Every structure is written in C-alpha cells, then in structure tokens.
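Please read through the structure below; I'll follow up with questions.
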C-alpha cells in the first residue's frame, strides 16, 4: 500500500508541456530579437551605402558624410591590438599551462586573469590614457621625446599621446584576458599522451610545446583569436577615453596619428537627434557588421585549412 | 615542478660504469648489466608504491615485468626514463643505474636520458602529423641530418618495426589513418629512430588485436639483438614468449626474478606460482 | 631482417650533426623566463589599474578646495557636478542608475537565457542546436554601440512608446532591454555549458525512476548545473554593470535616484563618458570625480567576478 497521494499524471504532463512551451518561446524571442535588430538596421542603413560613403571623410551634412577615417582607424587599431594581444595571450597561456608549477601563486595569477576579464572596458581606457598616452606623467606630453619626422611612417614619440598606438595597446589590454583564457582552453584540449610521446623521445619542454602542443592546439586557438579580435573591432568605450570622438579629415599615417574608429563614429551619429544621421549611423553599422563577418570567415577558413594539414 | 629526487649514493659501483655508448660496434649479445636497481623505492606523495627493489637487467635481453594491477610496474618503468618528472609529488630513492648513468641524480640531463631510453606507451600515441614526420620527429630533435640520410633513417626505422612495406607508399599521409596495430608499430619505429640503448614498453599490446600482437611480439624478439628491452605485460603467455628474464612484483615488492623459463616452470616463491598459473587472488 | 634494419637505423642515426647541448639549455632557460615575464604583465595590469585609480581619485578626495569626503561621496543622494554654483558629489544616483539598468537587463536576459539554454541542451536536435548556437554567436559578436542604436531607434519608439507615452526618448527601460539583449548570449552559452556538463547517466537515472522531462530538467539537471549557472549569471551581470556605449546612447544624461524605468538615468559608465568627452576642464574637480566613479565601478565588478570564481570553485561538481 502506498501512503502518499498520487500526483495526477495529467498535472505532471502539463508541467512538462509548460516547460517545453517556455523554452520554445524563450528561444523564439532570442531569434526574433536578432532578426528585429538586423532588419531594422538594414532598413535604415541600406540607402546610405555607396562608394561615396566608404571613401569620404566626415561632414556636417549627413548626405555628404563618409566613413573613410573611422574605417582606416579601425583597421590600424585592430591590427596593432592583434599583433600585441594574440602572441602575448598565447605566451601567457603557454606559461600557465605548460611551465608554471601548480602552486598557490599560479592559482592567484589565474584568478587575476579571470578578474581582468570582468573589468569594464572603460576602465582599461583610463589605464591606457595614463600609461600609454601619458607615460604616467613621467615625461611631459608637451615636450615628448621624438624619433623621426612627424610626416614619416616611422614617426615615434614618448609618451605616445592619443594616437593609434595608444589606442591599439589599450584594446590589447582589453582583449588580453579573453585571449589568454581561450588559448589555455585550447591547450587543455591537447591530449597528455602526445606530450608524453614527445618527452619520451628526448624533447625539451620547449620542443614539446613548439612541435607538438602548439600545432595541435592551433585550430582551437584560432577560434579564441577570432573571438578576441571580434571583441576588439566592436569596442568603443576605451577608445573614447583615449582619443575622444573626433571628426577627422585624414587617415592615420603613422603610429602617432590621431584616429577614430567605426563604433565611435556610429556612437557620434546615433547620438544626434536628426533622422538623417541615424540613417548614416545604420549604414556604418552595416559596414561594421560586414567587416566582422569578413574577418570571421577569413579566420574560419584559415582554421579549416589548419585542421587538415595532411592529405 | 621537478619532484624531489632523493639520491642515496649507492655503495655498489655499477659494473655498467663506462658502458660504451657506441653500441653499433658492440657484440650482439653481452651479459653486461644494462640496468641495475639497488634499494629502489618510489612514492606518489606519501603513498609508497615500490619498496627496496634490487633488480639487474642484462643488456640485449628482454626483461618482462609482471604482477597484479597496481603493484608498481608502470611506476618502475616510468622512473627508468624519468617520465615521472611530469607527475607532481612523485619521488624515488635508492639507486637506479642505467648504462652508467645515475638516473635519479638531480644533475642528470633528462633530455639526454630519454634519448637513450626509448618508450612505447600502452595506447598508441602517434602525433597528428605524417608517418614520415612521426618517425623523423626524434632524430630532428637531436641532430641535423641531410635529406637523404633522414629519409634512409626513416626507412630503416620503419623496416625495423616491420611497417615499411605497409606504409612506404603513404609516408606523407597522416599517421592517424593507420590501424591501431600499425600505429603501435609506428610508435616503435619512432622510438627506434633516435638510436636508443634501452626500449621501455608498457603493455604495448593491450590495445591491439591478436594478429597485431603477434607481429609486435615477433618484433620484440628480433629487436633484442640491438636493444635492451623492458616490457610490462599482463599476458603471461606473452611474457613467456618474448622475454628472457622475468621479474614478478607484488604489492610494491620484487618477489622473484630469474630466467623466464625458471620463473614460469619452477618458481621459487609460492606467490609467483599462484600468479603465473592464474591461481592468484 | 628487422634486426639488420635496426642496426642500420642505429648507424644512420649517428650521421647527423649533433645539436649543441649548452645552447639548448640556455635557450630553454631564456624561454622559461621570457614566458614568465610575459605572464607577469597581466599581474602588472591589475596593479597599474589599481594604482592609477587610487592615485587619481585620491586627487579627487584630497584636492585643494575639495569638500568631498568619503562619507559624502558614498552616501550622498545628489550628483550635480556640472550644475549650479555648488556642485554636489553623492555617487548614489549613479550607482542607482547602474543598478536599475542592470536589473532590467537581468530580468530580461537571465530567464530567457536560461530557458534557451535548457532548450539547447535538453530539447534541441543537433542541427537546431548548431543553428541556434550560430545565431547566439552572431549576437555575441555585435558591437555594443549597435545595441544602443537599436534601443534608441527601435525599442523605445516602436515597443515602449506605443505602450505608454511616459517613455521619453531616453529611458532606463530601453537601455536595460538593450543591455539584456547584449548579455543574452553570455547567459545562454555559459549556462548551456553548465547543463551539458551534467553527465547523461544522471538523466538516465532519473528517467529510469519514471520522471517526466520536466522532472529531470527541473529537479536533476538544473540543480546539478547550478554552480555553473550562477557563475554565468554573475559574469553576465558584471558585463551589464560595466557596459558603457548602450547606456551612454540610450539611458539619458540625468543623474537621478529613481526606480521608474520610464525615466532617464545616468549610470556610472555614462558619467565617465560625459566627462571624457570633454564636458569638463581637465584636472578640475569634475574631471577627477570620474576617477572616483571609475574606482567605485572597478570595486563593484571586482567583487562580483571574485564571487563568481569562488562559486565555481566551491560548488563545482566533479563528475567522472
């Protein structure tokens, strides 16, 4: 004899169906949101897309405005960011996964990296402003040390000022923790047995890393690199602190040049009350999304190639 | 990262001291002691796995390590090329001499040790590279070779693991496309290519079918002319088929060691008899 | 046969030119310490952030002529740095703005994200799952300024204003929903990871006892993945708190302590944008106040990520 009162099967099935319905509606909503976003952006922005838009500088009149300066600025800044953050992230991940003894200190460093990934990006802007743009005040910005002529491609100065280099380095700080964590995860997917095989043949630790672990982890690492660079392309807040929102009539010429980036240009136009500017903001968003897509597919293509190096 | 290696200087001067590294000119069969353990004990953190093992393994012979699961066979093997360095908390004491090297010495160049002591793992673990690159991996680590020399070396290594005829037309295809048995023979070829003096094999056939097992057993018997081989196996028939000497371990102690025939037909110890005849436990 | 080959291999192996051992050791050392040095850069970053924030906000609190104290800063309910003759610096309205926007975002994204995650891990066929994950990836890649634009040009005028005419052009609700959309992919993919980490054997065990899918999901899978889900929630909320461009565009610029989502609010990040865009003279007290705000923001997110890491560590279920 069972003592409890049975829960009617109908009610249990009702719960079951309700859960399914809830899940389905949540998922549908998520998909609907994305569609609404893309559709509304495309409806507003398609009309402003033409060659003129891509090849001219900003203007006070929406109809004449273009995105040449922010587009080039984005490319410069992201290139610098990638060149710094990806190798640095991989190196740190290698140290933590392949070299560091498993001590308390290592867990602290690890926790620190997790914390860095949670720091709001605008705070990195503040750090970048102090460290890169102003050298912590160690050298006066009015009287910088310079190297080369300001017109040349190789012009450098210290402090960097509010130029492309300061922006790229700041973005590198923003995405570094993401890159480190992704690279670590990639390294962890490499089976121990491969490392042991290489060690047993008399490899040094670095040889194991360079010849076995890194090649095996590379495709997965590419995903991490894509992820971090996508983040970098879309970041505006830290660059806003570094460079401000500028209406530029030139493209960067060297690492010290002033710059603006697409997200900042979008911010600037979207923040204006006139509808015309909203239209060109939407146009710039489309360019930004296409850029993102392009970047992702190139990276996916490379990754695909890497994954099957043989045959 | 490096585990503490406690080195108790051995009172026994190893007769293997000064064993000539140039083995190519050595007589095929030599009774020189390739590996000599005295009072060898091993721990994982506080857990003692091997206690006071005294064991001699002669050069150019096959020595089988047998014993119930968990008795420390793999541990012993992994100390012979210091693969245990990769395990946190692994320690050992006593002495372990291998061709005149004090294996447990903290000053030892483990990279060189591992070049001289090849290892074949339980599960085949080819690199996700081509067959050629797998075999050439080790040689390229240690020396710079001319192209033809390297190709010849790869060929001879693959021949010596009896794989050449099967793979000679697909050297530049992925090693992962080989069957399990072929992969294991590739791993043997890979170990041979660095010209080791000793080959360690930890249950090399346990992941293989009987036919692949048979071919690898045959290989082991042939390779003993060139290398000193230490093999761990759970298969008593395999031990009796391939080995010259056998060492039986139980609960971290060396119970009995001797010529394989004797250990299997006329064991001195009761426990050995029970184990080899399957009456164990 | 093989023995001859082995002999030949041994001879061939001797032919190469030996690589130097001394150089190898030096190289190994160099790499080891090089990598260690690079790793320490991340520690240095944290230290540098803290030093900069402490130093600059120290200037704010202890500046000549500054009447701001820690107490008045952290408990003041009026934030009017740029208005009037006597500016007031009570950070609570900014914190309140951040809390309001983050709560709206959380109310929107946490349930929807979790339910979508449940759908992905428990219901969806592999193909649907792949498709939905791809969509989530697209969402995750969209720059946040785009969500701000979306709030301003779609959510507020087409969804909120038809509902009630009390919604202005800038309001907390629109910004909050946009932030919610932004963190949705984080909630969803991290929760899904947590749910999929629950071993199949647990589900099988529950089904074998006569459970419905609801029972299995609500009573077994979700509780088992709870630590991962909580960590995902915390991470997403941290991102929401630190989000800048959406609120700078859509939430408005008036610092006020309100719980009304139709009103405009200013968040901590939005205030920083206002200052760094040059509304205030550099090195004045207004300018420095942004560092004190940044410090507060940093402290809040720091505590939250720390908590998330602790939750994961303390309550992680190890299966295997």
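Every chain is named by a letter (A, B and C) in the order it is written, and numbering of its residues begins at 1.
Simple rule for what comes next: contacts are C-beta pairs under 8 Å (C-beta built on N, C-alpha and C of every residue); 3 or more make two chains touch, one makes a residue touch a chain.
Just so we're clear, the structure is a prediction, and the values are computed from it rather than from any experiment.
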* Asked: So what shape is it, when you link every pair of chains that touch: line, ring, star, complete or other?
  -> complete
* If you tally the C-beta contacts for A-B and for A-C, which one comes out higher? -> A-C
* Indicate the whole-number Å distance between the mean C-alpha point of subunit B and the mean C-alpha point of subunit C. => 51
* Centre-to-centre distance between subunit B and subunit A (centres being mean Cα positions), rounded to whole Å -> 49
* Please work out the Cα centroid separation of subunit A and subunit C, and write it as a whole number of Å. => 14
* Out of subunit C, which residues touch more than one other chain, so two or more? -> 24
* Please set out, as single numbers or ranges, the residues of subunit A touching at least two other chains. => 99-100, 204
* On subunit B, where are the residues touching two or more other chains? -> 111-112, 141-142, 194
* Structure fact -> In the complex, subunit A touches subunit B at residues 99-102, 191, 193-204, 207, 211-212, 215-216, 310-311
* **Touching residues on subunit B, where the partner in the complex is subunit C** => 23-24, 109, 111-112, 139, 141-146, 149-150, 152-153, 156-157, 159-162, 164, 192-195, 219, 222-223, 225-227
* Okay, in this complex, where on subunit C does subunit B touch? -> 1-3, 5-19, 21, 24
* Asked: Where on subunit C does subunit A make contact in their complex?
  -> 24, 27-28, 31-32, 34-36, 38-39, 41-43, 45-46, 48-49, 52-53, 56, 111-113, 115-116, 118-120, 122-123, 132, 135-136, 138-139, 141-150, 152-154, 181, 184, 188, 212-215, 217-218, 235, 238-239, 241-245, 248-249, 269, 272-273, 276-278, 291, 294, 297-298, 301-302, 304-306, 308-309
* **Of subunit B, residues touching subunit A in the complex** => 1, 81, 83, 86, 88, 111-116, 118-119, 121, 123, 125-130, 137-138, 141-142, 172-174, 187, 190-191, 194
